[in-house]
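One chain, chain A, links the two complexes that follow: it is found with chain B in the first and with chain C in the second.
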Partner chain A sequence: MSDLRIIDIEKRYQAVQPKNDASFMLRPVRLSIREGEFFSLLGPSGCGKTTLLKLVAGLLQADGGEIWVGGENLTNVPPESRRFAMVFQQSLLFPHKTIEDNVAFGLKMQKVGKKQRLKAARDMLEQVGLAGFGNRFPDELSGGQQQRVALARALVANPRVLLMDEPFSALDPGLRKEMRELLSRIQKDFRVTVLFVTHDRDEAFALSDRIAVMGDGQLRQVGSARDLYERPETTAVASFLGLRNILSGVLKNSRFASSDGTIETDVTKQLTDGAYFMVIRPEAIKAAEGNQLGHVSVSGIVQELKYGRGMYSLKVNAGNQLLECVVTTTQAEKTAVGEPINLLVDMEEVWFLKE
Partner chain B sequence: MWRKSKPYLLLLPAAATIILLFFGGIFDGLLKSFGYFPAIGETELNLAAYDRLLHSASFWESMELTLRVAALSSFLSAVIGALIAVALFFLNESMKTNSPKAWHRLFQLPLTIPHLVAGYIVVLLFTQSGFVSRVLAAFGWIDNITEFPVLVNDPFGWGIILTYAWKEAPFVSLMLYPVLSRIHGSWREVSRVFGAGNWQFIREIVVPAIMPGWAIATFIVFVFTFSAFEVPYLLGVTYPSVLPVYSYQLYTSGTLSDRPEALAVNMILAAITILLGLVAYYFSKRWNVLKGWG
Partner chain C sequence: MKKHPQLLSLFAFIALIIFVVVPFVPLILSSVSFSWRWPDVLPESWSFRAWEYVLNDGRTWQAVGISLWIALIVTAVNILLALPAANALVRYPVRGRWLFEAIIFAPIIIPPFISVMGIHLTFLRLGLTETVLGVVLAHIAPTLPYMFRAVMISYQTLSADWEDQARMLGARALPRFFHVVLPHLLPGILAGASLSVLISLSQYLITFIIGAGQVVTLPILLFPFVSGGDPGIASAYSLLYAAIAIAALVGMDAALKRYYQLNKAPQDLAKGGKP
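Now for the complex of A and B:
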């Protein structure tokens, strides 16, 4: 198996001026990415995900750690000999080369014959939906088409690992969705191992087999999209994944009481007593009257009501806590900003984090 | 009407002067080269001056020397200029300090010096009694300054070629450097990831990028050195002389009847320059050198 193993790789950037302590450090990262897996590095800007990607590519010299693919140690192998491919934020096509020559560039560097490499380039262009574009120049293509060419250029050389650095961030939302679908299909067809960098949660969730959430130069949590979203290990991961309903409190004798008194309820999960954060996903809250089994009732005042893609997003002031939830259009029509509302929280969907 | 024609009217004095002096001069020269010279009583148009020139051994020797000097000067300037530009580019890429800028300024220095002064510098440095030969003799590398090769006022034209190489190489690098700086920093990363080493990067990306600018800069140097007068006049020999000097010698020979030939030389120079321009344009179109750069 040609798994990609990143063993305690680290990188320090010194501050440009000695007095300035704005240095950056990628703390030792240990990851194992299976052959054929789509793995994403997800995190905010400046968290070190691109640094990690460039370390894997060999474009940056690591200060420690090793990179292995299968049984081969690539730590000191220059990038040109790693047989990796990369797609960048911009397409970075060579403007003086035709589309066909751009796609065939990697094969040319591998000394593949002209006839063979151009045929491979044409076949790959067909795969990305650009058959017949081979003789054009990059400036004759749209941004989305250029990025497809960049994808074709990366895949045609049959790389051991495909590295992608926020490849769709410069595209408009429609094109981005189209490119995601294309990438997903092609990755499955070619069974290529992908290491994908993004700050877009939806993108990472839609594409990845597993995701590593990064922050402040370190890995915070690795898991499937569902694992991360439903069982975040820290409040930082929860917050980054858009989970804003985080209530601190104390669990004692299977009963949780939030510090601000908003929620006090029995907990059926097997947890030891102590201080906890209760993470409530917006989908676990519904607008409803009365009591339901396994639910806890919360009352509050509607502070914000926003429409978004078929659902309304509500912010409700409940005591000192601002709760976010999503409701249907019908439910939203029954309330307005400033009006009281009753909410039910599904305790089965709530997640507890030890403080 | 007035508002539309006002800019043209304002430009008229300058335009009229240029048209009169430039095109008038060319037209006058053309007429005289065709034998129309009322001052000596010649009012008929003929090709006698061209005929005499094309059958004269001196003209062809001058032509050979001119082509040799221009070709070697352009070749040396193009190679040295490209090397300087690429070196500055990589220096800039690899260093974050101000030293590339200082180097840049140093290489720009020859641009500020007039050709005639550059010619004198070459005289002072490279004549047999010049600075270089004296230094070599002082260090014992040559026994006598007469052992130093004749590089100035030599029949081959080395002095002229040296002067032009020194003077025009920075011009070529100045033309190429902005083109090189258009090369995206990330292209090096892209090419490395796809398996290109340094030489492959230069061959596949850098050379194609600079080729159009390089060809144009070299062409400009060639055309300039082909028709320049002062440096060959200062550093050349009396015979054979380059075509512009040959034309001057004919013009100032004291015989008015030589003047149509002198002007015919100039017309031939102009015609060759235009022809070379057309050839350069044709090949730049054919090689698609500018395609894709937008």
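Now for the complex of A and C:
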């Protein structure tokens, strides 16, 4: 197996004193990425995700740790000899070379004969839906097409790992979706291991087998999209994933009371007593009255009503807590900003985390 | 508002005529006149004497050859010096960068005469005076700053991402330079080379001191005629000099265009195939 293993790789800032603890650009990271896996590094800008990617690529020199692929230690192998490929945010197509020559560049560096490498380039261009574009120059292509060429160029030499640094963030949303689908298909066809960096949650969720959420130069949590969204381990991960209904409170004798008094309810989950954060996904709240089994009733005042993609998103002021939830258009039509509303929280869908 | 661009281009045209074309008129007239003295507006009699002298003298063509040869070597050496220097100063955190830049740019500010007086003594000891090699070395000081500046600016506009991308595609240092860096720097190198050639061609004092009259370039040949000899011959030499300078510029420009055309050839063929 040729899994990509990242063992305690770390990077410090240059200018600061080495013994200073706050000087980490990237705290030691340990990750194992399976062969053929689509793995994403997700985090806000400046969290160290691009640093980690460049350390894996070898474009940055690590201050400690090792990179392995299968049984081969690549830590001291220069990037050009690692047989990794990389797609950047900009397509970085060589402007003075034709599309075909651009795609064939990696094979040319491996001294593959001209006929053979141009044929491989043409085949790869067909894969990304750009057959017949081979003789054009990069400036004659649109942004999306250029990024397709960059993808073809990265894949043509059959890399062990494909590294991608926010490759679609410069494209418009429609195109981005199209490119995601293309990448997803090609990744499965070629069974290539992908390490993908993005700050876009939807993008990471749509593409990845597993995701690592990063923040402040360290890994915060690794797991599948569903794991992360439904069972975040820290409030930082939860709020980065868009879960803003986080209520701090105390759990005692299987009863949770939020510190601002908004919610007080029985908890069926097996948890030890102590201080907890209760994370309520917006989808776990519905606008309804009455008592339902396993639900907690909360009342509040509608503060904001926004329409988006068939559903309304609501911000409800319940006590001192602002709750976000999504409701159907019919439900939204019954209420308005400033009016009171009753909500039901599904306790099955609620997640408790301890910090 | 609409009139402005027209007015502006009219002024530009007039300025071009006054400052570029008009100065050539007396030069041309003087080169084909027999005697042209004050207060005559036009020469009294015409003659191709000056041109015959200039073009038939073997020394003229020798001087043209040596001038171009020196300019060519100086420029080549400048490229070899400026590329690594600019690369280092732009790409790496060099301590005391300002000092290095100051040293390289100093010849623009300090009259080259001063440094050449000092170099002269050293060259005498090394036996480099009166040789083409000595003159070439002396020409590097006033020309390198221009080459360096042009290449440095080209380097500044080349993001390191390009080389990173080439590395990730398996390109080692040399292929990276030839496939990625050089094509980007080429226009800058050409701009620097044009300046380098022109400045080298126009050196008189440095060539005179180091070459000691044994290395005869076009300015060396021209100067005695300007300073009192024969204005007709001086004019003819000046025109010849201008023609060679322009030819060098046009030639380099054509070479660059040809380079780009060669690279774009596959595309043109493809386009020609399907009209």
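The criterion applied here is as follows: the second predicted complex is superposed on the first by the 345 of 355 C-alpha atoms of A that agree within 3 Å, B and C clash if a C-alpha of one lies under 4 Å from a C-alpha of the other, contacts with A are read in each partner's own complex, and residues count from 1 in each chain.
Methods note: a residue touches a chain if its C-beta (ideal position, glycine included) is under 8 Å from a C-beta of that chain, and two chains touch if they have at least 3 such contacts.
In this text the structure is predicted, and so the values were computed from the model without any measurement.
**Student:** Should the pairing of chain B and chain C on chain A count as a clash or a fit in the superposition?
**Tutor:** Clash - chain B and chain C, as placed by superposing on chain A, overlap.
**Student:** Output check: A:135 vs chain B and chain C. Expected answer is one of first, second, both, neither. What do you get?
**Tutor:** Second partner only, chain C.
**Student:** A:263 contacts which: chain B (first), chain C (second), both, neither?
**Tutor:** neither
**Student:** Classify the contacts of A:345 with the two partner chains as first (chain B alone), second (chain C alone), both, or neither.
**Tutor:** neither
**Student:** First (chain B), second (chain C), both or neither: which does A:86 touch?
**Tutor:** Both chain B and chain C are touched by A:86.
**Student:** Is A:96 in contact with chain B, with chain C, with both, or with neither (first, second, both, neither)?
**Tutor:** Touch status of A:96: both partners.
**Student:** Which of the two partners, first being chain B and second being chain C, lies in contact with A:222: first, second, both, or neither?
**Tutor:** neither
**Student:** Would you sort A:120 into first (chain B), second (chain C), both or neither based on which partner it touches?
**Tutor:** Touch partners of A:120: none, neither chain B nor chain C.
**Student:** Of the two partner chains, chain B (first) and chain C (second), which one does A:109 touch, if any: first, second, both, or neither?
**Tutor:** In the superposed model, A:109 contacts both chain B and chain C.
**Student:** By the touch definition above, which chain A residues appear in both interfaces, chain B in one complex and chain C in the other?
**Tutor:** Looking at chain A, the two contact sets intersect at 57, 59, 78-81, 83-86, 88, 90, 92, 94-98, 105-106, 109-110, 137, 153, 157, 163.
**Student:** Spell out the residues on chain C that touch chain A in their complex, using ranges where they run on.
**Tutor:** Against chain A, the touching part of chain C is residues 161-162, 164-172, 175, 179-180, 183, 260, 263-264, 266-267, 270.
**Student:** Quick one: which bits of chain B touch chain A in the complex? Just the residue numbers, please.
**Tutor:** 184, 186-187, 189-197, 200, 204-205, 208-209, 291-294
**Student:** Where on chain A does chain C make contact in their complex?
**Tutor:** By the definition above, chain A touches chain C via 57, 59, 78-81, 83-86, 88, 90, 92, 94-98, 105-106, 109-110, 135-137, 153-154, 157, 163.
**Student:** Along chain A, where are the residues that touch chain B in the complex?
**Tutor:** It comes out as residues 57-59, 78-86, 88, 90, 92, 94-98, 105-106, 108-110, 137-139, 153, 157, 163.
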